[in-house]
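Please go over the structures that come below.
Look at the two complexes coming up: subunit A is in both, with subunit B in one and subunit C in the other.
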Partner chain A sequence: MNRGKVRGQVLAFAAIALVSAGCGGGGDVDVDDPAGTGGSDSGGDGGSENAGGGTLVAAISAQPDQFDPHKTQAYASFQILENVYDTLVVPDAEGEFQPSLATEWTTSEDGLTWTFTLRDGVTFHDGSAFDSADVVYSYNRIIDEQLANAYRFASVASIDAPDPRTVTITLSAPTPALLDNIGGFKGMSIIPEGAADATDLATTAIGTGPFTLEGTSAGGVTLARYADYWGDPALVDGVEFQYVSEPAAALTALRSGDVHWTDNVPPQDIEGLEDDEEIELGVTPSVDYWYLAMNQAKPPFDNRDLRRGVAFGIDRDEVTEAARFGAATTNQSAIPEQSLWYHEYAPFEHDPDQATELIEQAATADPQPMGLMVTDEYPETVQAAQVIQAQLAEVGVDVGIEQETFATWLDRQAAGDYDAFLLGWLGNLDPFGFYHAQHVCEGTSNFQGYCNPEVDELLNQAAAETDQDARKALYDQAAEIIVDDVSYLYLYNPDVVQAWAPGLEGYEIRADKAINFETVRLPE
Partner chain B sequence: MRAGETLRLLFRGPTALAAAAVLVLLVLTAFLGERLAPYDATGTDVSNRLQGPSADHWFGTDELGRDVLSRVILGAEVSLRVGVVAVGISLVAGVLIGLLAGYYGRWVDDVLMRLSDVLFAFPAMLMAIAVLAILGPGSTNAMIAIGIVYTPIFARITRASVLSVREEVYVKAARSAGAGDLRIIGRHVLPNVTAPIIVQTSISLAFAILSEAALSFVGLGTQPPDPSWGRMLSEGRGFVEQAWWMAVFPGLAIFVTVLAFNVLGDALRDVLDPRQRQAMAGTGVTA
Partner chain C sequence: MSRYALRRLAQSVAVLLGVSVLVFAIMQLVPGDPVRAALGQQADPETYQALRERAGLDDPVPQQFVTWIAHAVTGDFGVSFRSGETVLSLILERVPATLSLALGAIVVALLIAIPLGTASALRPRKPVDWFASLSSQAGLSVPDFWLGIMLILVFAGTLGWLPSSGYTPLTEDPAGWLEHLILPAITAGVSSGAILTRFVRSSVLESLGQDHVRTARAKGMRARDVLTWHVLRNALVPLVTVGGVQLAYLLSGVVVVEFVFAWPGLGQLAFQAVESRDYPVLQGAVLLFAVIFLLVNLVVDLAYARLDPRITYRSAR
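== the complex of A and B ==
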């Protein structure tokens, strides 16, 4: 099967989980330094005039925890790595996979062998040539060291390099989401053979991407254009990422021209910025979802009727408005409307009477106490929780909001020490990523303790189903049961909100929040 | 008669009187709380969010449509309760430590005061945050944390006064007459070291309220949706451009309260210090 034919099954694919609910959390240190101490030629205005294209200055809200693409889980790290590393295949803005380090690929009749042809003339930032041994090394590193993304190779039996330009992946079961598994995000980057032993990948980067990692400081990260890049070289000379934790500071810097781009735009500012001529605002639906989960290992939250009562008691429209100021779409399942895999299913109308009835029957106390764990790392959870608290008070649930630091939050989630929590999953493309690890009985992200054998069977079948329509039907069925059982109580899909300088050309805002400055040209 | 004299001297000037009036008003507000608040302080009304001050909502509404005035009123109760309980904890613990250390001296003094020094060595906020990291966030734990942090101050002040009182003739006389330690401490030492403690209590109340606001600001104190001035300030920070009233009114509340406690504390010190008092009495004010 060549690339053109792959299309049928490839539109939109598995879990990117750039920062996942369960395991995100590195890089949560804010360094509030709007001025930046990067020490490079910052200050966009001056630089943009010269022939080289100038330096693009991007203000990001959080600091990367490290630069090892196989180990980091922090979105802030991937914002930078997106521009430094490459994967074999890469999703375009629609989620369709395009060639990157692999130029074409075929699958065998039985779907168990995938053969990738690699690109010629690619060199790493250290000057060494790229070949199949690097791919085998990179993937085996993830598998052998059981790194966070090893689960993406769960169905992979072996990875071989029959010649320097060819890589073969042999599977134990058909895996329709394979392209997403190996190319969905930069966590599956190709690093040079032996790089992990030769250098410290946490602080340096040897990729094949359009920019090289030049230096880091307390205030930011500096990238420079890689002259020997295999594609068209980047238009700007370099990119300077500055850590700006205060949204007001980021927007002020954008207005004054000190910064060209930022993703630090709180939803409440959208309305005021729409008519602002000094700022170009980008708002587009994302593939993220936010949800409430109840601890099903703990009575009375193990009672399906009680969970359904809570689901009827919540007014999603109000929660969404409170948390996102309209920059989101309510949803009762995980996958957003824009996705090919969207399945319209909304059994829960806001119905306080039915909620009261269900909760009364299942509760162990009146009112039923429920601790709701939230984190200031994601302020929208704190806002949503206060509205949910007021709504559930009317149907016999006394919500106690427990605001924790994210580290404590994650500890408590892992230990099962909670009644309920609010959080989101970011960056999924394939339904495998939306549903599998969160809802199969032994799922690695199934912290809520949900277990329904019927759902397990459907999800496992769907993971190996190669016919797209049949696969979607299986996921739709599974999703309906998950929603009905209230394994997760889905709330909404937020919008991506970014802002940049008017006249900045070639930037594309994406649903998966990948940030790529390869084709960007600075304003005149 | 001495208390009456003290009060008369205290309220000679208008500032102390004004401060006291503010505090009386604050205490009344805290006691009336929900009866005084025009709306339910935790009742959300998202369709009515971020409304500016108006006849319906004197202080406007916040990002979830809650009435800011009602939240400021109920926040008074939170601030006062945390302040009073926290200072109560440090007062009792600190004075006890100070009395024992000062009266018995020698190794008792060394052990107790070196422990206090260790506590004292940490910046107050850092110490409070560390305590809350162990106990977990919440307003009860915030009271305990603030109480622990301010204990060494009371211990030091008490000890210093006890050291001089211990050598007084009447203490020696009591001992010669066969009085036990407990009686001497309770009847002769404690009443004579109260002045500086009272002053410190007033000033500590201001600091405790400020600490509660700071801890709530960073999310470790009062938990949502309960109103706390510090938390309201922190929530309002993200909306300064759209809704200044969210941060300004709780900020003013903190400012006025802390100022009132400080002014009163200063005035008390002037009055209770024997030398100052003599000077004041001697300036020709008719007695």
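== the complex of A and C ==
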């Protein structure tokens, strides 16, 4: 779902440092020898890549803000929590939902009651048994405390636990996107009943996932394999996340073998790394999208023709090249090609003549001034804006680039104090997340002030349509109107770029950028 | 002297209070809402409002300030908006790394400045002097992010002698601590070293020209002893002042160096706090920096008396 424009926001410069083994030194306090695999060396410190599986060292580019899955909005936090917590259901690499803490689920005829059967024999990292009360507690915590993800339960009337192995979710309206709402990412993790009061979830974690959070420090985080994990135990003894924000440092560490995996690969480095034998490069299209939005509460940007003129005036290939060095796929709608919800629709061929004509008729000045708000938090918006500025200069729009820190950017967006802005939405899976809150008239993410009753009707209908094909047809229709009206001017879907040591096995690079080290085996 | 120290302490408290008011006021003037920064765009208005209330941001600003001060004097600096951790623990967590880097860098700076500055003062307008002024110019001009990346590429990449980045606590692994410290300490120390070189040079030159030095030479004292006992000792006094300022600067975090080397220091913490408008953390960090500056200056002033018996502090009655 629309997990967030900005999960990464506050991470800015992220800090860093590879404190080995966090607070706990060896950090192997409660590690029962996992099935004899590790000998006496389980949980060993970095470098011991022997029979025990060793410790995977991962350099991530941003720093987590905190570890409470229900409160954080930071991608860096989720990179770690992905390995520590579980949700009821979990998306596979294709975005289809698979069993996790729930083994199966059924929906009532009217689509208003969902019944989940929970997995047996699951224990939390503190040893307590997992049951339905934990699910009810976790979800109610998000709802009652109005935490950041509360909106995902907007259509939920109640959550009940008829018996320890069953959870029923009662809805006020059919919600086919429910699985995405409760399982799309680890922000919807299940924590033990009462955990928020019993421990400080910002700095510790009690999950059910393949790894336990052993220690945190200003420079990194240490995870250890959870021997009683309900699935197959992880192959490595532990994972050491280090916060390395300087790409040159991360890549040097990867080459020298100090680090096994990193996501700190700037797109401009891709070309140079492709033939590099010391590094395995992974590039795959992501589910993120980047767009330009014009303030439709403000003339002349309320004029559909003017917005269409701007859309004709932009050459997406050039923008993509500048912003991502080609590591992206241009797209005129939100959903990427690889998704089963993709709908091919591209009405805007780059056409400066038509752009000039449309803009001339609708503009209030010649050339038409347009402030374009970007943020150094996401440098690609700055790069894209420079190209857009040049392109639109040719069709009668004088773009003034306004670069802001992200906190200020968000403030101005919320206040409607802008002509246009560039930004992205990250991590969506279901079309509800791609389109709904951004384009319905009263949508919580509709900052651009778009309102088209026809789109409202289609989106509301689609949100409650339980037949997948019918639902897709509705979203396709809505998307076409949204694109035609230029509610958003969609630009591209960026690639996920990660790199790891040659010989690292079992790692799967994913479109939703979830990072899971459960099945990873270190190089010999 | 103790009376002097007391008076200085009292002044310091006033300065700290002033600094707090200023930071608080500036944060109010800077656009950007901490709650929005923490939530991103996702949150609906109710969540936003709930968080604002919880953080006390809807109270009048003077009241927020008074609340903060009242807690601060008891050692409670509040809780980070961003992470939910206490400000004190966030800061304390980073003190060892910052201390390591600042001391490492000042050692590097002195190792550069004292020999180079002295040598160039002893041979003014000779090749060694040219070399010294050229290299100190270079040291000042080289951007530290560039120097840092170059050092990483050469010493961690090509040569593979040192780790590329990161920090290991001294208590955990002293050898690892030193290995990780070398490159960042050089990067941070070079510009301080360049500044100090110039001070050492001019201050040694000045000492050399003084009467007592001439006298010492005239009575046949060995050149080496003249230098050690009469020149350097006197030249040291101004160096302590400038060195103290440099140390305080290094202690309050060298953001760029910390960033390049993934060094979990205070500079990064403060930088992040600014970015996310995390008022409590920023307030705490700035207060700490102010304390550092005041303390270092106090220590420097008191050290004068030790280094130069002619200087005494008497309270004026």
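Going forward, the second predicted complex is superposed on the first by the 477 of 524 C-alpha atoms of A that agree within 3 Å, B and C clash if a C-alpha of one lies under 4 Å from a C-alpha of the other, contacts with A are read in each partner's own complex, and residues count from 1 in each chain.
To be clear about the criterion, a residue touches a chain if its C-beta (ideal position, glycine included) is under 8 Å from a C-beta of that chain, and two chains touch if they have at least 3 such contacts.
These numbers were taken from a predicted model, which means no experiment stands behind them.
Novice: Examine A:G219 and indicate which partner it touches, taking first as subunit B and second as subunit C; both and neither are also allowed.
Specialist: A:G219: touches subunit C, not subunit B.
Novice: Would you check which partner chain A:V497 touches, where first means subunit B only, second means subunit C only, and both and neither mean what they say?
Specialist: neither
Novice: Considering only the touch criterion stated at the top, classify A:A390 as touching first (subunit B), second (subunit C), both, or neither.
Specialist: Touch partner of A:A390: subunit B, not subunit C.
Novice: Which of the two partners, first being subunit B and second being subunit C, lies in contact with A:E318: first, second, both, or neither?
Specialist: Touch status of A:E318: first partner only.
Novice: Determine, under the contact definition given at the top, whether A:A363 touches first (subunit B), second (subunit C), both, or neither.
Specialist: neither
Novice: For the overlaid complexes, name the partner, subunit B or subunit C, with more touching residues on subunit A.
Specialist: C
Novice: Tell me which partner A:L56 touches in the superposition: subunit B (first), subunit C (second), both or neither.
Specialist: Once the two structures are laid over each other on A, A:L56 reaches no partner at all.
Novice: In the superposed arrangement, does A:A407 touch subunit B (first), subunit C (second), both or neither?
Specialist: second
Novice: Touching A:A248, do we find subunit B (first), subunit C (second), both, or neither?
Specialist: Touch partners of A:A248: subunit B and subunit C.
Novice: Go through subunit A and flag every residue that touches subunit B in one model and subunit C in the other.
Specialist: 248, 405
Novice: Looking at the complex, which residues from subunit C come into contact with subunit A?
Specialist: Touch residues, subunit C against subunit A: 30-34, 36-47, 50-51, 82-85, 90, 93-94, 97, 148-149, 152-153, 156-157, 160, 163-169, 172-173, 176, 255, 258-265, 268-269, 271-272, 275-278.
Novice: Contact residues on subunit B for subunit A in the complex?
Specialist: So the residues of subunit B in touch with subunit A come to 42-44, 46-47, 49, 63-64, 137, 219, 223-225, 238-242.
Novice: Can you list the subunit A residues touching subunit C in their complex?
Specialist: 2-7, 9-21, 25, 63, 65-66, 68, 71, 73, 145-151, 200, 202-203, 217-220, 242-246, 248-250, 252-253, 255-256, 258, 377, 405-408, 410-414, 444-445, 447
Novice: Quick check: in the complex, which residue numbers of subunit A touch subunit B?
Specialist: The contact residues of subunit A facing subunit B are 247-248, 266, 268-269, 272, 318, 321-322, 376, 379, 382-383, 385-387, 389-390, 400-405.
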